[in-house]
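Next come two complexes built around subunit A: one with subunit B, the other with subunit C.
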Partner chain A sequence: MARDGMSRRVALRLGAVLSAAALALPRSAFADTIRRRLPWGPAAADRPERIDARPGYLFFTDAEAAFVEAAVARLIPKDELGPGALETGVPRFIDRQLAGPYGQGDHFYLQAPMPKGVATQGWQMGSPSEVYRLLIPQVNRWAADAYGQAFAALGPDKQDEALKVLEKGDASLKGGVDGKAFFELLLQNTIEGFFADPIYGGNRDMAGWRLIGFPGARYDYRDFVGRHGEAYPLPPVSLSGRREWTGKQS
Partner chain B sequence: MRRHFPTLVLGLCLSTFAVAAATAPPPAPPPVDPGGGAIPIPPANADNPTADVTSWAEPSQAEPANAADRLSADPVLRGRYLAVAGDCKACHTDVGGAPFAGARPIRTPFGIVYSANITPDARTGIGGWTADEFYRAMHKGVGHGGKRLYSVFPYPYFTHMPRADIDALRAYLGTVPAVSQVKPANRLPFPLNIRFLLRIWNALFFHPGELRPDPAKSEAWNRGAYLVWGPAHCGGCHTPKNFLGADRNKHALQGGRLDNWVAVNLTGDPRQGLAGWDKADIAEYLRSGRNSYAAASGSMQEVIYESTSRMSDADLMAIATYLKDLPPGAPKPGGWAPTEAAMRGGAAIFADACAACHVADGSGVPRFFPPLRGDASLQSKDPTTIVRIILEGSRSLPTPARPTPLAMPAFAWKLDDNEIASVATFVRNAWGNSAPAVPASKVAKLRRRYGGRTGG
Partner chain C sequence: MASDPAPVDVLLVGFGWTGAIMGEVLTAAGLNVLALERGGWRDTPNDFAVTFDQDELRYYWRHRLFQNVAHETLTFRNRGDQVALPMRRLGSFLPGAGVGGGGIHWNGQVWRFLPSDFVARSHNVGRYGAAAVPETMTIQDYGITYAELETYYDRFEYLCGVSGKAGNLGGKVQAGGNPFEGPRSRDYPNPPLAMTYGPTLFAEAAARVGFHPFPHPAANMSRAYTNPLGLQLGPCTYCGFCEKFGCGNYSKASPQTTILPILLSRPNFALRTGCEVVKVELSADRKHATGVTYVDETGATIFQAANIVVLSAYILENVRLMLLSGIGTPYDPRTGAGVIGRNYAYQITSSVNVFYDDKLINPFIGAGSLGMIVDDFNGDNFDHSGKGFIGGGYLGVVNTGARPIESHPTPDKTPKWGSAWKKAVAGNYLKTVSIATHGAVMSHRGNYLDLDPTYTDALGRPMLRMTFDFTDNEHRMSDFLTERASDAAKAMGGREIKANKRSGSYDIVPYQTTHNTGGAIMGTDPKTSAINRYLQSWDVPNVFVPGANAFPQNAGYNPMGTVGALTYWCAEAIANHYVKSPGPLVQA
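Presenting the complex of A and B:
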């Protein structure tokens, strides 16, 4: 009898645990099953999220903006091939990313505890917005010690030199932060901004795409797939179009 | 123009009232029906343009075709075939409601008319009607107890049907499950809600009488004429309406409009009509929803799904035979000259957003992605359909013959009014097409209703 009571109790507990677990599952765990129909609804669309169109920066302070503008201008400088990262709006791209879900680290697991990791474990810092906020003053402090001025105030050659030191991990930053990882993040974000669709703030006039001959957000190339040895004739197009559409700036 | 209809109609009714007041109480032409654009066939999404209400278009729900019923000795089966040919179900079934139980809101330019319950329920349906009463409704537009019916119920077409067919139809309707469902009150403004006025409308526009075969024409032609002008009531959508909602029969089947879809010109008009289609093309379209020139969109999808895809091959060829013999009407002015800016912008948008499926030269992929070159709906003077399809996208109809529904995505979120106007103008005038330019204001108007939450 006692044994029966025990097993019933166990069963009840198990049931409670299982239903709690079911409730805790994210909705996406229950995938839609699509049979015999093409999901479609009039005017339905998953439109890309547009960035906050207000002028200026949402995340960066003036000092941070000065650093980022100076740094990206050296990472992808303006040259005879065309505009660089600064001219194509990359700082604004990074600003909007840091102000949004990416900046909050929505793609990371960020719960404590946080023991010190090793290099093979990948990203070992906080969210990207925390990294920018924490590291920019450290880099400026180090630059002031090493070169006599904050990074943005240095000449291009000194900036290049400072970035190279940072990239090697040889900059002596205070507070145990990882200068090399910050450099890599900054470089990655700069490249993203230079080549992402212009609707996200960078790649203004699709200059990044023009540079490498990427035709942009196109569905397919059926009209051209059989035409070998010819250059693709159409210019790049953004998700929001291109200048040649009616009066719209990309 | 549309929004002025009620005022216009009211004015006309009142002035007629003044003239007729001497003899009868309230007179005036009561224009309540399809009018200027609406029609007996409701759009699939009349009440909620943004909802996916195309669930009726699922192949799994398709009933077996009943083409053989047409020649059955059993009047019930013959009646069932006629009910399919007449697509009674479309209007007389509410979205998600019981078949033939009515209560579907039918939008007209004059207001909303709810369809009647035509199940055999004695109290709310037509179970209590005698055969003579049913015939009178079909033949004269007079319902139970002498109540005049609005011509949104296409009795001006059904009057062409012989008594035997109408009796067969009644026999079939007597076998569908009886459903007790009271029809909601129509939402028509005074004086359109005075049914007596329908007598005047009938006197002006209604010509009762069965269709007589033309002995000079083939059997197929006569069968086609009967279907087109009788049960299938094609002109309900495809004939333009006058301001009182009556068919302008001088322009019969030359194209109409219903609740923001263009019903194309069915004559041999070289641009807006079916000049380029042969009989087999017409039959294929009615059977499968597609042919090598076009894919059905809008309300025609429902007609094909519920009606023509279930008709016999012989009847589809008969309809085609009749339509191919229609004179094209007066030649339409061509040589439209859209602005160069619109054509240039439209060409850029087309290359970037449309050509992947519709191909750079507008030739499409026949039976998959509709060709745009030479398309009748595209070149219709009224650009409603093309603008609407660009705004909200479209899904081709799955039929037993063509079970895979292909979809075009919505562009309302991506293209602004000017851009849609430009690309619509471009496709209407590229590759030898010719049609009036589309103004951005037209796009703005349709966007308000069909742009969805993503518009802007």
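Presenting the complex of A and C:
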């Protein structure tokens, strides 16, 4: 995907002047008449897609990656309880999400006009990838004005302070873009990466699940329903199994 | 692009719960039925198999089974003096798209409304006086009674294999069930589910403070079950991927597990997927539907002739299709005249968390309807004198499964991120019980649906516009329910509790419930209702509109039990009366 093509689109959408360009609509359905049969077919399971497992980022530029790595490390830090978002692969999770259909806004309505609205009306911005691309430089510019350096270069305390200002919606970002909505998206994506199945690139070694005691993709607790108050004995399992079953890192 | 040249007896617009029920009853009556569904085919082995179903990110947060708002959404505002903006991402409610509709990813909470809910206006005025219903509150009686619907409720519950305990058999209150419910002709088809720890602790405390807890009626199987159509459902495994997910075990009632294998084997039924109905076509005098126009996957526009058109496309699309097709007079909130879009309502929810130090709750063990409920404060089960509101709701602990992106409760004043957050999440995930309240929403003059003047869907048709907010009645009622939930919470012996009361305007962002109601309501007077007591359009009598759109106001319960009962009732009216003598089943 051409980066400048992307940012032109971002500017257009967020400037609310996008012509009502027809969206290419991926539809999973098949126009099909079904009569006197159940349309089952072999090998037609709607399995999750594999993420691109090559090292490095597909969506983020170096500067974006530096911001996201620094921010998620403050949102869910590594501490005495164990690894945080950075150590469990959350930046890569977000990168793969933004490079894929979610990032393109495949389940977002993106047509103009896009006035701001009130909070109860919800998201009034472009696709997630557009928002990351447009907002990260704005946040860095604001951080440089307010704290003297781009976000990633600040110390942890200053980073926390900056995130709190962003969270409150008090960071004065250029172009009137919604820093609070961006913070909420970043936090949501970080929590997703920390707790989603490891097949999506985050939650490495199921560390998010082990932290809280969630057994993961298990499917049968019948023998444990009535055992009130007892610790569940089995370790978590991913949709791709467990490392010791396959000899591979999940 | 070939259109079906043969007109059909019955055309179903949308093939979720109401479409499947209609199709089953009407084909059994010998009619030739065609269903048009905008989404694709969906079934257990391919779309939500146990090998990949337990994927919180993909199914819930990335909306695998839900309506795609890129294609079709609505606009929303709280008040008529605001500009409505598109719901650009799903949040507050999650309608389905594809065969089975919302019936795939629902919870399976199957309720009957109270007898008094069907006569909400006359009952409340009768007990509390005319002043109890303010002028702007546009609640109405249904035009049908609980007693008339009882056998249809029973039919839906047996179709679904509901697990539960009757509280009232033929007027005799039964220990262990809901003592407030209307009389039933027989018990549920299956015994209650096995109970997890959280609901058990809640039920013990609730009984101690004088409430009457009972197991939530669940369309999740407590044991293997064969339904009256001969279809088999398997025992629930309590996997916790139920609400917002398909069931990989055939343990949750859905059109797929309870109806489709039989219906699809019948020679007088056909289903066409990938077909979006855009309009019901009317005769020149606008008193008769000739069929529908739909757009298929290739973009071709096709006319399909039909003798009877059933709108079974979920309440929001049912109302929109009526507006787009010119069936009935659109509602005007300024004058109060007109009926299509009138009396839109919803549900109001809140919760109270109980945090323990010493109890392992294991909240990941769950099923969509697994829980213990208190119904003492629903409907008119308690005296509302001096309370300043009417209506009510249930409260209880429902262990739907604590999937961690969605569910990681933290005590009051915990920051939303950082080390303190992480510590609170780690310390409380296994040890928290959440009591939910599930309240009614009355209808009000300013809450309605119409067509948006600005925004269109991917096919260029105007979107539905929703104008909705909670009023004082809902806030007072919800605060009261939250206080009662806190009464139980305090008796549960935890370290601390946190009451998450509902304040401020309705917000379309956080998930609440997919219990949208009204907009094409049933009633006895064509001036104040869109459809008659058989869910038949007053204006175009060969159009029937089953769905929660029929509710004149919302009750304190989940809708589908009542939607299912009303759909059976409507289908029988078509098969037994309408077909023999087509025309209005009720004279206006």
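The criterion applied here is as follows: the second predicted complex is superposed on the first by the 200 of 250 C-alpha atoms of A that agree within 3 Å, B and C clash if a C-alpha of one lies under 4 Å from a C-alpha of the other, contacts with A are read in each partner's own complex, and residues count from 1 in each chain.
Quick note on the criterion: contacts are C-beta pairs under 8 Å (C-beta built on N, C-alpha and C of every residue); 3 or more make two chains touch, one makes a residue touch a chain.
Here the structure is a predicted model, which means the values were calculated and not measured.
In the superposition on chain A, the chain among subunit B and subunit C reaching more residues of subunit A is C. Of the two partner chains placed by superposition, only subunit B is touched by A:234; subunit C is not. Shared-chain residue A:135: touches no atom of subunit B or subunit C.
In the superposed model, A:44 lies in contact with both subunit B and subunit C. When the two complexes are overlaid on their common chain A, residue A:220 makes contact with subunit B and with subunit C alike.
Applying the stated contact rule after C-alpha superposition, one finds that A:79 touches subunit C and leaves subunit B untouched.
By the touch criterion defined above, A:245 lies against subunit B but remains apart from subunit C after alignment on the C-alpha atoms of chain A. Contacts of A:68 after superposition on the shared chain: neither subunit B nor subunit C is touched. Judged by the document's definition of touching, subunit A residues 36-41, 44-45, 47, 218-222, 239 lie at the interface with subunit B and also at the interface with subunit C. By the touch criterion given at the top, residues 38-41, 43, 45-47, 49-58, 61-64, 68-71, 73, 76-78, 82-91, 98, 194-197, 200, 235, 237-241, 248-249, 260-261, 264-267, 269-275, 296-298, 359-360, 362, 364-365, 402-405, 408, 416-419, 421-423, 425-426, 429-430, 454-456, 458, 504-509 of subunit C touch subunit A in their complex.
In the complex of the two chains, the subunit B residues touching subunit A come out as 45, 49-52, 54, 58-60, 341-342, 344-346, 348-349, 351-353, 355-357, 359-360, 391-393, 395, 398, 404-407, 409-410, 412-416, 418-419, 421-422, 450-455. Residue ranges on subunit A touching subunit C, taken from their complex, read 22-23, 25, 27-41, 44-48, 74-77, 79, 81, 84, 102, 105-111, 113, 115, 117-125, 160, 163, 167, 187, 190-192, 195-197, 200, 208-209, 211-222, 224-226, 228-232, 239. Taken in their complex, subunit A has these residues touching subunit B: 36-45, 47, 218-223, 234, 237, 239-242, 244-248.
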